[in-house]
C-alpha cells in the first residue's frame, strides 16, 4: 500500500519561499543556476571482485553500483537472450531516515525506472550473453547501493549503473562433458558488450520553477519531480513523474528543454571518466 | 497464533436480544424466516481470460471465483492425478475491517474447508488431468475473491467455486519433441471434467436458535457457526464448527435438519444458473 | 539489526551482589560449587519416528533434539559429502519471554555455534552419506527444541544434539531404474556413522568470578559468557564469546581451565547414557 | 490422500492392524506439570502421538492493543516440531497449523472463564512432538490439562478424539496409517460435564446416520478421557498435599 | 518484451487488429456504487480490462502513528487478482504492484482535498479483475469515480489512458497484444478541468515530437473519459433523487 | 569448507602465497568522515577487504518501545553488499549476518559509554563492500572509528584481526583463500587501552597452546591497529583545527 509520506508542515513552507525567491533571480543556495547539475565525480573499478563497479558522487550524493555476472536460465519467452536485473538498496547508513529492511516503494521505483531505461535502449547486448540457447545464459546483476543521500538518487544511480556496465568484464567459463558450466572468476572473455548509453535527468518542480538535479533540501520542498531518460541521440528513452503534484502541458515542454540540456553534461562527464579509465 | 477476536462488548448484547425476540416469532430483520437463505444470484463467465469464473451474490455478500488451469508437476504420491488448489483472499475493498496482507486465519480456514469439500466428494476428475504420468499434469487453481462481505462467506464462496469449475474449460496444448508443453490459451479441449457437485450450508447458533445463512450483523452476535458440506445425494461431505461456543448433541441434529433443507435451495439456484448459461 | 537487550536496571544489581558474595565463599544458590555443572539427565530414543532423538535435562533446562535424515542434493563444492544442518527453535512454551516467530539472533547464534563445532571436529562422517556422487546424498537435520529454559542452552543443546546423532539410524532406500530414490522409512542401514564427539562448556563471568553452567538467574546478572567446544582429546573445537562484557587475557586462561574440567563431566554423563542405551 | 481399495485395514476377526477393536482407543498417557517455567503444562500421548502443552497467564500481553476490556484474550498456537513427522516439517507455520490453532482455540473458548481476567492474555502453546494421527484432539486434551494445571478457572474439562470411517466401518481414535486410507476423518472435542461439543470437523463423506453414530462413539470415549484427566489432576494435587 | 518485426499489428486499411483506428479507444463501461460496504466504489472496463475500485474514509487508521497533522493520508493499493492475467498471478504484491500503487497515489494527490480531513486516512483499494492492457490508467479512472462516489471533496476528476508507439505509429489505448509488440508505452493520467497531468510515464524510446503528439492524443481522450465519469456520477445522483 | 591437503599455502621460504610473513598483516587503509549524512563514518581496508561503517545517534529511535531507561541502546547491523562476494549475495540478511551483527554489537558494548545517553539509540551500520577474509574484524575496526568520528564517548578504541591455523601454522590476518583451506579461524577484537578482549570466536580445532599463542599474535596486531586509528582520528581532528 502506498501512503502519503509525512513532511513537517511548517518549516518547509518557509524554506520553500526562501528557495523560490532565489530561483526568481536564477540562483540556488549552492551557487548553481537552475539548469546545471552539481559537480560529478565518477570512479570505476572500485570493487575489484565485482565484474564491474563505479562510485558516483553527484554533489554530496554518493551511489555505488556493482555488476555481478553469473550463469543462469533464460526467461522462457526469450531463450536467446541473457538476463539483466537491476536492484536498488537504500542502506541505512546513507540517511537518517532510511530503515533496515527490504526495499521500500522508493527503492523499488528507482530500480524499475533504471531497469526499464537500460532495457528499452538496449544498453546491454543481451543476445551476446547466450551460452546454450534456452538453457544457460549470463545473468547480469546491477546492484545500486545508495551510501549518502543528498537528493537526486535517480541520476546518480543511472550514471553509476552505466559506468559499471561500460567497464564490466564478462567472465570466462569451462563447459564439462556433463553439460555443467564452471565460471572461471579470474579469467575474462573481454568486456561486456554494451550497445547504447543512457542517462536520466531529474528535474524538480518548485512553485513555477523547474530546476535540474535537486538536492535533498530541494526535494523536500519540491511539489513534484520528473525523471527523463535520454539516449545518446537525445531521444526520450523513458520517463517517470514522481511526486505529489501535477504538471501542465507547458511545464512538460519546459522539463524536456531543461532535461535535454543537462543530459549533455551527464554524457560528457561519463565519457570523460570512461576515457580516463582506459 | 490464533487469538480471541475483539467484539464491542455492549452494543451486540442489545442487538442480540432484539434479534432473538424476532427469532422467537420465526422472523428475521430482513423478513426471512429462520431457515431460508437470502436471494442468490449466480453469474458465470465474468472473467473471460480465466478458464472459468463466477460472481455469486448472496444477499449483499459478493464473491468472485476464478479458475486458472496451468501445467505443473503432480504430487509425488499421486503421479496419476492433476492438482486442485483453493486459495481465498479477503481483499480490503470488501470490508472496513479487512487489512491488506497475506490471508489471515479466517481466509485460510475458508479456503481449506472449501478445498476439502471439493476434494472429498471428488468434484474435479483429477485422473483426467494427467498429461504425462508422474511428470506433467494440469494444476487447477480456484481463487476465491471476497469483494463485499455481508456475512456467510463460506456458502457464497462454495457456490462461486462450484459455478466456476462447472463452466471451466480445459486449455489445449502442444507437446514439442523436447518434451516441453506449450499451453494454447486460446484453444480449449472442452469442459473441465466435473464428477460431483457440493454445496456448503452455514448455520449460526444464536441463543437457542439455529438460523441459516447469517448476515454479517447476525454473525456478529452469533455464539457459533456450523458449516456443513452436502453433496448431490444429501450426504455430509465435510463439516466445520467455527466460532466460540459449543453445541449440544440435539443442536447438531437440528443443524443437520436445517442444512439439508437449505442445501436443496442452493442446488436449485446453482443448477438453474448453469442451465441458463449452457 | 542486533540490539542491546532490555534488563530491569535495579533488581539484578542487588541480586548480583548477593550472588557474588556467595561466589566469594565458593558457593552458589543451588548448593553447587563454582565449577560443577548441574545434574544431567540424558534420555535417547524419545521420538520413535525421528531417526535419532534425545531429551537432555541440565538442572531445570530441557532441550529436545531430533535428527531427521532425508535424501537431497549435495553442495556444489562438496559433491562427495552429505549435508549436516542444525536448526534451533526457542518455542514459546519454554519461557515467558520467548515469542512465536522465526528464530531470533540468540537461536540463530546457538544453532550456528553447535553446527560449527560438530562440523569442525568432523562429528558426522559426511563421506559415508553419499548415495550418488554429486547428485544424491543424505541430508542430516538436527533440530534443537528448547522446551524449558533455565539457563545454559548451549551445553544442553550440544549434549542433546550429540546424543541424538550418536543413536541415529541411517534409513535404507531403494533405487529405481529411473534413478529415483525411495526412502524406506521403516528399514535402517544401521547406525549413522559418527567419527568424533564434542561438547560445549559455557561459563559465565560475574564480576571477578568465572562460574560454569549458569542458571537463568545467573545469566541474567552475568557480565558475559564464553562457550568453549571441546573434543574427546581435550582440544578446543570452537569458541564463542557471547554477552556484553570483555575478558582479560588472564580470565580467558581461567575459562579454559574451568571448561576443560567441566567437559569431562559432560563426556562422562553422555557416555554413560549412551552405554545404558546400547 | 491415497485410497487404494486393495489395502486391508482389518484382520479377519474384525480387529484393526494394531489389534484394536473398532471402538478401542490407543493406550493413553497423561502427565501434568512437566515443565518448570510454564504456569501449567501437560504431556499427553495417544499411542505414538505425543503432544506437549504449556499455559502462560493470565498475563499482560506484550502487544497491549490486543486486550479486550471485559475478558481475557485466549491465544493458541498449535505447532509441529520439525522432527515430529515422517518427512521433516519446515518450522514455519503451515496453513494447516494456522487453521488448527483456530479450531483448538474455539474448542477452548466455551470452557475457559475468560471474563474473570479482563485485559489479560491466556497463552496456550501446543507442540506436537510426534505425529501419528489425532494430533489436534490430543493437543486439545493436553491444553485442557495444562489450563487446569495452571489453575485457570474452567467451566469444565475438555477432551478430544477422532473417529474414522474406514472401508465403510466406523473406528475410534484412528492413527496415521488408518487416516491415510480413511473415507472420512471426524475429530471431536467435548466437555462432557456441561454436555457441549466444542470441536467438530468432518473431512470426508458420511451419511448423516454415520455421523451421529460416530459422534456418539467419540462422546463416549471423551467421557473416559476426561475422567482420566481428572484422575491425573487429582493425583498431582494429592501429591502436592502430602 | 518480444518485439518480432514480422508480426503485423495493422491491417491494410490502417486500422488495428481489433478494427480500431489509431486514435480510437476501446469500448468503455463505468458503473459506480457497485459495492455495499465501501464508502464509494466503481467498476470500470476498457475493452476486456476490468478494474474495481473501492474507497473507505476519511477514517481513523488502525496504525495511528501514520496520521499527518494537517491533512489526510492517502493510501492506495493497486492489486491484481490471481485470475486476472494469462498465467495465474501470485497474490503476494509484486514489485510492479508496489510501484504502480505509488504512481497512482501520486496521480490522485493533486486532486483530493486532503487538507479538509487532517489526522485521517483515505484508503483506495484498486483490484484488477481482468488485465488486458492499460490497467493502471483504468485503475486511476475507477479510483476517481470511487472517490467521487464516496463523497470525498476533489479539485477535479481524473482519468487515464495509455498511448502506444507500434511499428512507428502512435495508437491510443493499447491493449495487451499491442503492448507486447510496442516500441513504447506511455500511460497518462490527467485532470482536464484544472489542466494538470498527474500521471505520466514512458516505457520505451520516442522522439520528443512523438511524446508531445502522444500526450495530446491522450489528453484529448482523457477529456472524453472525464466527461463520461461526470455522466455516470450524474445519472447515479439523479437516480438517488428520484 | 574444502580442505585439500594437496594445496600449498606457503612458499619454500615460509612466506605466504601473497608474500606475507606468518605474522604480517595485509596493508591497512583507514579513512574517517567519508560520508556526509552520518554523524560519524569510516572506510577501512585490510588488503582487498573493504568495509564502510556509519554511526547515527545518540538519537530517539523510531520504535520508542525499545529504549532502555538508564542507558542508550546500541543497534548494530553487519550487512554485505550484493556485489561484495564472489557469487552475488542476496540482499536479505542471512543467518550469518544476524550472528555477526550480534557478535560485533557485543564487542562494542564494553567500550561505548551508553549510560551517558539514557533512552536513546546509537545506530551502527556496517556495510561490507568487498569481502576477502576478516570482514567482521575489519567491520569492528571501522565501527570503532565511526563511533569516535561521531563524537560518541568511549572508554577505549577497539580493533580486530583474525588469526588462522593453516597446515599446522598460525598466521595473522588470513585472507579468503587462506580461510578456505584453514584448519581454524580465530577472529579477535580488543580494546588494548583497557586490556579487554571484546570479540572472540574460534571456528576450527586448536590446542589450548595454539589458541593462546594465536591470541597473543592478534593482541599484538590489534595494538598496532588501534594506534593507526588514533593517528587517523588525530590527523582528521588537526585538519579541522587548521
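Per-chain numbering from 1; labels A, B, C, D, E and F assigned in written order.
Assume a contact is a pair of C-beta atoms (placed from the backbone, for glycine too) under 8 Å apart; a residue touches a chain by one contact, two chains touch by 3 or more.
This one's a predicted model, so the numbers in the text were calculated from it and none came from an experiment.
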{"item": "Rotation angle (°) superposing Cα atoms of subunit E on subunit F, nearest 5", "value": "120"}
{"item": "Between A-E and C-D, the pair with more C-beta contacts", "value": "A-E"}
{"item": "For subunit A paired with subunit B, centre-to-centre distance based on mean C-alpha positions, whole Å", "value": "48"}
{"item": "Gap in Å, rounded to a whole number, between the CA centres of subunit D and subunit B", "value": "27"}
{"item": "Between subunit E and subunit D, distance of the C-alpha-averaged centres to the nearest whole Å", "value": "51"}
{"item": "Sequence positions of subunit B contacting 2 or more other chains", "value": "1, 100"}
{"item": "Contacts with two or more other chains, residues of subunit D listed in rising order", "value": "77"}
{"item": "Topology of the chain contact graph, where touching chains are joined (line, ring, star, complete, other)", "value": "ring"}
{"item": "Cyclic chain order - from subunit C, heading first toward subunit F", "value": "C, F, A, E, B, D"}
{"item": "Residues of subunit E touching subunit A in the complex", "value": "1-2, 66, 68-77, 95-96, 98-99, 101-107, 109-110, 114, 184, 186, 190-191, 194-208, 211-212, 215-216, 219"}
{"item": "Complex contact set, residues of subunit A against subunit E", "value": "1-4, 6-7, 9, 75, 77-78, 105-106, 108-109, 111-112, 116, 120-121, 224, 226, 231, 235-249, 252-253, 256, 260"}
{"item": "Subunit A contact footprint on subunit F (complex, rising order)", "value": "35-38, 41, 48, 50, 52-54, 56, 59, 62, 77, 79, 81-88, 91-92, 123, 125, 127, 129-132"}
{"item": "Subunit E partner contacts - residues on subunit B that touch it in the complex", "value": "47-50, 53, 60, 62, 64, 66-68, 70, 87, 89, 91-96, 99-100, 102, 141, 143, 145, 147-150, 185"}
